[in-house]
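What follows is chain A paired twice: with chain B in the first complex and chain C in the second.
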Partner chain A sequence: MNQRAAVLSLISPAYLWLTLTILLPLSAMLYYSFLSDVPIGSREVSWTLENYGTFFEKAFYSELMLRSFKLGAEVTTFCLLLGFPCALALAKSIGGRTKEALFLLIILPFWSNALVRIFSWTMVLRGNGILEYYINWLLPGTGPLGLMFTYPAILLGLVHSYLPYMILTCYISIDAIDNQLLEAARSLGAGKLTIFFRLIVPLALPGIVAGSVLIFIPVIGSFMEPRLLGGRNGTFIGTIIEDQFTAVFNWPLGAALSFIMMGLVLLVLLGFSPLVRRFK
Partner chain B sequence: MSFHVLLKLICFQWLIVLILGSSVISAAEIRVLNWQGYGTDEAWALEMFKERTGIEVVHDYFNSEQEMLTKLRTNPGVYDVVLINSAYTRQAAEEGLIEAIETTGMANVSDLSSSMRNDPKLVDDGKIYGVAWVWGVTSFAVDTGDFQQTPYSIEALWDPKNAGRVGWRDDAVEAVQLAAVALGQDINNPSDLKAIRQKLRELKPQIRTFWSSEDEWNQFFSANEFDLATYWSGSASRSKNTFGLPVEFVLPQEGAIGWLDGLSIPTNAPNRNEAKAFINFMIDPDFYVKWDTEVGAPTSANAKAVSMLPADAFNRTAFSDSQKVAKVQFMGPMEDALREEILELWQETKAYFQN
Partner chain C sequence: MASVSVQNISKNFGITVALDRVSYEFENGKFFALLGPSGSGKTTLLRMIAGFESPDRGSIQIDGKVVDHIPVEKRDIGMVFQNYALFPNMDVQANVGFGLRVRGISTSETRLLVGEALELVRLSGFDNRRPDQLSGGQRQRVALARAIVTKPRVLLLDEPLSALDRNLRLEMEIELKRIQRDVRITTIFVTHDQEEALTMSDQIGILNEGQLVQHGSPVDIYENPQSVFVARFLGEANLLKGQADGSRVNLNVGGTVQTRSKPASPQVICSIRPEKISIHKEQDIPPSSSNHIAGQVNEHIFNGTSLNYLVQCGDQVLRVFVQNLSGELISPNTQVHLSFRPEDTLVFPDA
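After this line comes the complex of A and B, so read on.
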């Protein structure tokens, strides 16, 4: 009995904190999503399901939702393809001071503000920008790249922003793999590819899943990166939701769209969970 | 007690006196809500105003009318002066966001051209909810380096020759109203939204990027991201004068969107009298002439101030072609239902723009 009291008193601050910072704001938004108007000033408001109905009535909302999920999947895939080999090399091949230096380089971008990072990308990518200038200097006559304000530009900016998450989570799970296991596999005649796909990838799966979830969810809701790098091609469900809060002042619709997005994300995660369980 | 300790004590006491004293002296500080770089935040003007009245001015900014209204709604009692496009002044007054201004003691109000001072969009039942400040038009501006001949028609924005070279403001009402101008419809009550929807969709190959603030416009323009873009007349002269950009503003033959900006006082403003002094200073010819000649400004609602500009000033000559000026349609209040329809139309169009 005494132990239970101790456990309760120990975890209660964490739960109190979660309630204050996550549950309360979220339930306020849930409340807004069922209102007909923002209850500020002398506005008459009533309960309605109309905000959720709007999403299904107009085809373009679901088109943009799909576009955002595609962006999330692509960014996560690129981060995995780039980040996993990086993490593997860091965990198993590199040691000592070099490792420390490389870690610092990976974490370094996190020290700067995300907006600043994306803004510097606009300077690199734009017409007559840094990238175009150097490529034309190296290979005269390549002409304009036309990367700025395109879908690939958004992809580039987001992969750069979220890559460290994938490297760090994969590193932790690869680092935990016992080297003796790998040696045993090798002594039993397993080739490099077999070791990689049958041993390292399954054992590092928790890290891969954690990294993917950490990247996939915020990318779907991203709005700043598409706005700055996407130009005319930068409309996603995240920018539409942001519009509802800042430009249009339709908080109920913005909140409803956010909750629809949250529900769809949960569905996707549930769909992937059998895969994770099988490898465990 | 040693001498050193005594000295420290005395220093400490002085420090406290200084801190308390300075907070009493700098009590007069007003908070202004406006677009960034739009006159009220010129450093020289704030210095001039402080010299005359001893009042400090701090700023907060917005990037759309809806954002401005949101800020007023969610921060009551914070702002002292707010700039409101007169098309929204009635709505703000009806929602109780701004209060009627007693203009006695504001010497420059009598110099305002009477049609603007008494504009029904600003004055309701004899109560002044906004002091007419400046007016101008929205259409588009071109890069004179790329256009030897300045276009005379708004159709230049739709011309296939200019595909991928157009900048467009990401604002639903402005987008729809520009299409209405091109189609010859009433901008405040468009007769055929279907045709407007089609017209906006035709912009897909034209638009290079969206812009949202004057600062962003200047950056994109100087980086050559667009060669022609929708713009505001006052901002165009600022881009030309202050930033030395090769910008030419076009008043198209089809007409343009006209707007009148007023300065208002939010309900329960903490420094009402200081706010009135600031508004009076903003319509003072001393401020306006310097603003227009050295920085670039829209046209003042103060007729006396405009007549004091040099004879070749843009704001004295641009609107001399009475035939074109007659076609300018002024923005008026809009029904909520129509605004919502327009907002959704624009979101849908933006979704259509995606490759």
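After this line comes the complex of A and C, so read on.
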């Protein structure tokens, strides 16, 4: 009994805070998503399912949703491909001062404002920008790269923003792998590839999953990077939702689209959970 | 199965000398114990034979072939680690079968060999348990089965029993010895438990500060230690300082004794094992051919099969173990003679 009280007192502040900051605004949004219009002034407002219906009626929305999920999957994959080897080297090969310095570099992006970070990418990528200038200086005659306002530009910006999450979560779980396990595997005749796929990856799976979730979810709803780096090509479900709130002023539709997105994300995560459990 | 030859190996870690010109031949099929105090280089030597460390100087041969440039995974060794190092993401079957799968052996044959190995360590039926569902002793058996199932040329064990409680350790010592005898595998066993080394091994090598100070059979090392360090490290020894006087030694605690060999320096230390001393009441006449010194019983400890006495001789306390033949105890404060044979009185120079 006493222990339960202690546990309760430990977790209740956090959960109270989460309830207030997540559940309240979320329930307000849920409420909006069933309204026919924004309830301001003397407008006539009624209950409706129309906002949800819109998503299923117009192929435009589901295509965008698919595009966003594809973006999420691609960004997560690139982060994993770049981040995992880096985390592995940091955890198992590099030590002391060098490791500290490299860690500092990884979290450096967190120190600057996200908007500043993205705008600095536009400087680099735009026509006649820094990248184009240097590439043409190195290889004269390359001409314009035309990277700005393309899908790869969005990918570049998002991978840059989210890579640290993958490195950090993977680092933590790789670092926890006992070196003696790896030595035992070598003594049994296992080469580097076998050790990597049979031991390191399965044992680091919790970190891979945590990093992927932390990246996949926000990327699907992202609007800043697509808008600033993608320009005309930067229309995703996140930017559409943002438009509903800031430009079109159709809060009910924005709210409904958000909930559909959340539901789909949840489905995807549920789909992956047996995989995670298998390795546990 | 194979012989291992270590030739003139040295290894430094920064300014620490981990191994200093160690040479040794580990013969085919024998059980070797590497014994030594903490930090004496036992683990380093074992890891070098396995291939996890490379020597600064010297060379290692397995089966007469130099393996210095052969990586661990190609050396065909079996290794058991102190904390078992079982793969937590695999069950017992997969753990034991790991080395076989890596070697590309078929699933059906792997299952057969794993079954045999588990039978050997008496763990049949545990195939589908996860390591965290096993007790310490069972984990150790799985680790052993995993190490021997590939029929390695050498089995290397680094304090494999030290994490077990005493009873389980004694049981595992017997098991390990039985398994080693069954599969006749060259085994090198690191321990800092002298009893373990004495009871289990065919040969013992004693390391101190990176040097192999003595090696030989357990009986040989116990009976003929070549230094005070070895005498004290393996078994118990009463150490008495004295001055050489021709072929005799005048002990600082009083009395003159005849030693096994002629003292080689003026200042010497004599070493006498507690069980080689017999104890007599003052009025009993000790045999004249023996050394004897006078003392007074401080304390006696009765533990059934033997009687242990602490005897005050001058400013030193000597330990004496006698077999409980008569059931008669000599009580504290009794004046006694301690007698011991000259051949049991070892003499070393006092450095």
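Here is the rule we use: the second predicted complex is superposed on the first by the 279 of 280 C-alpha atoms of A that agree within 3 Å, B and C clash if a C-alpha of one lies under 4 Å from a C-alpha of the other, contacts with A are read in each partner's own complex, and residues count from 1 in each chain.
What we mean here is this: a contact is a pair of C-beta atoms (placed from the backbone, for glycine too) under 8 Å apart; a residue touches a chain by one contact, two chains touch by 3 or more.
No experiment lies behind these values; they were computed from the predicted model shown.
One of chain B and chain C touches more residues of chain A, and that partner is B.
Shared-chain residue A:G95: touches no atom of chain B or chain C.
Once chain A of one complex is fitted onto chain A of the other, the partner contacts of A:R126 are limited to chain B, with no touch recorded for chain C.
Judged by the touch definition given at the top, the superposed model places A:F249 against chain B, while chain C stays out of reach. When the two structures are aligned on the shared chain, A:G53 is found in touch with neither chain B nor chain C. Once chain A of one complex is fitted onto chain A of the other, the partner contacts of A:P85 are absent, as it touches neither chain B nor chain C.
After overlaying the two complexes on the shared chain, residue contacts for A:P39 are found with neither chain B nor chain C. Using the contact criterion defined above for the overlaid structures, shared-chain residue A:A190 touches chain C, although it does not reach chain B.
Shared interface residues of chain A, touching chain B in one complex and chain C in the other, do not exist.
Of all the residues in chain A, the ones that touch chain B in their complex are 38, 40-43, 58, 60, 63-64, 67, 126-129, 148-151, 231-235, 240, 243, 246-250.
Across the complex, chain C meets chain A through its residues 50, 52, 71-74, 76-79, 81, 83, 85-89, 98-99, 102-103, 146-147, 150, 156.
In the complex of the two chains, the chain A residues touching chain C come out as 178, 180-181, 183-191, 194, 198-199, 202-203, 279. Every residue of chain B that touches chain A in the complex is listed here, in rising order: 63-64, 66-67, 69-70, 73-74, 95-97, 170-172, 204, 207-210, 223-225, 343-344, 347-348, 350-355.
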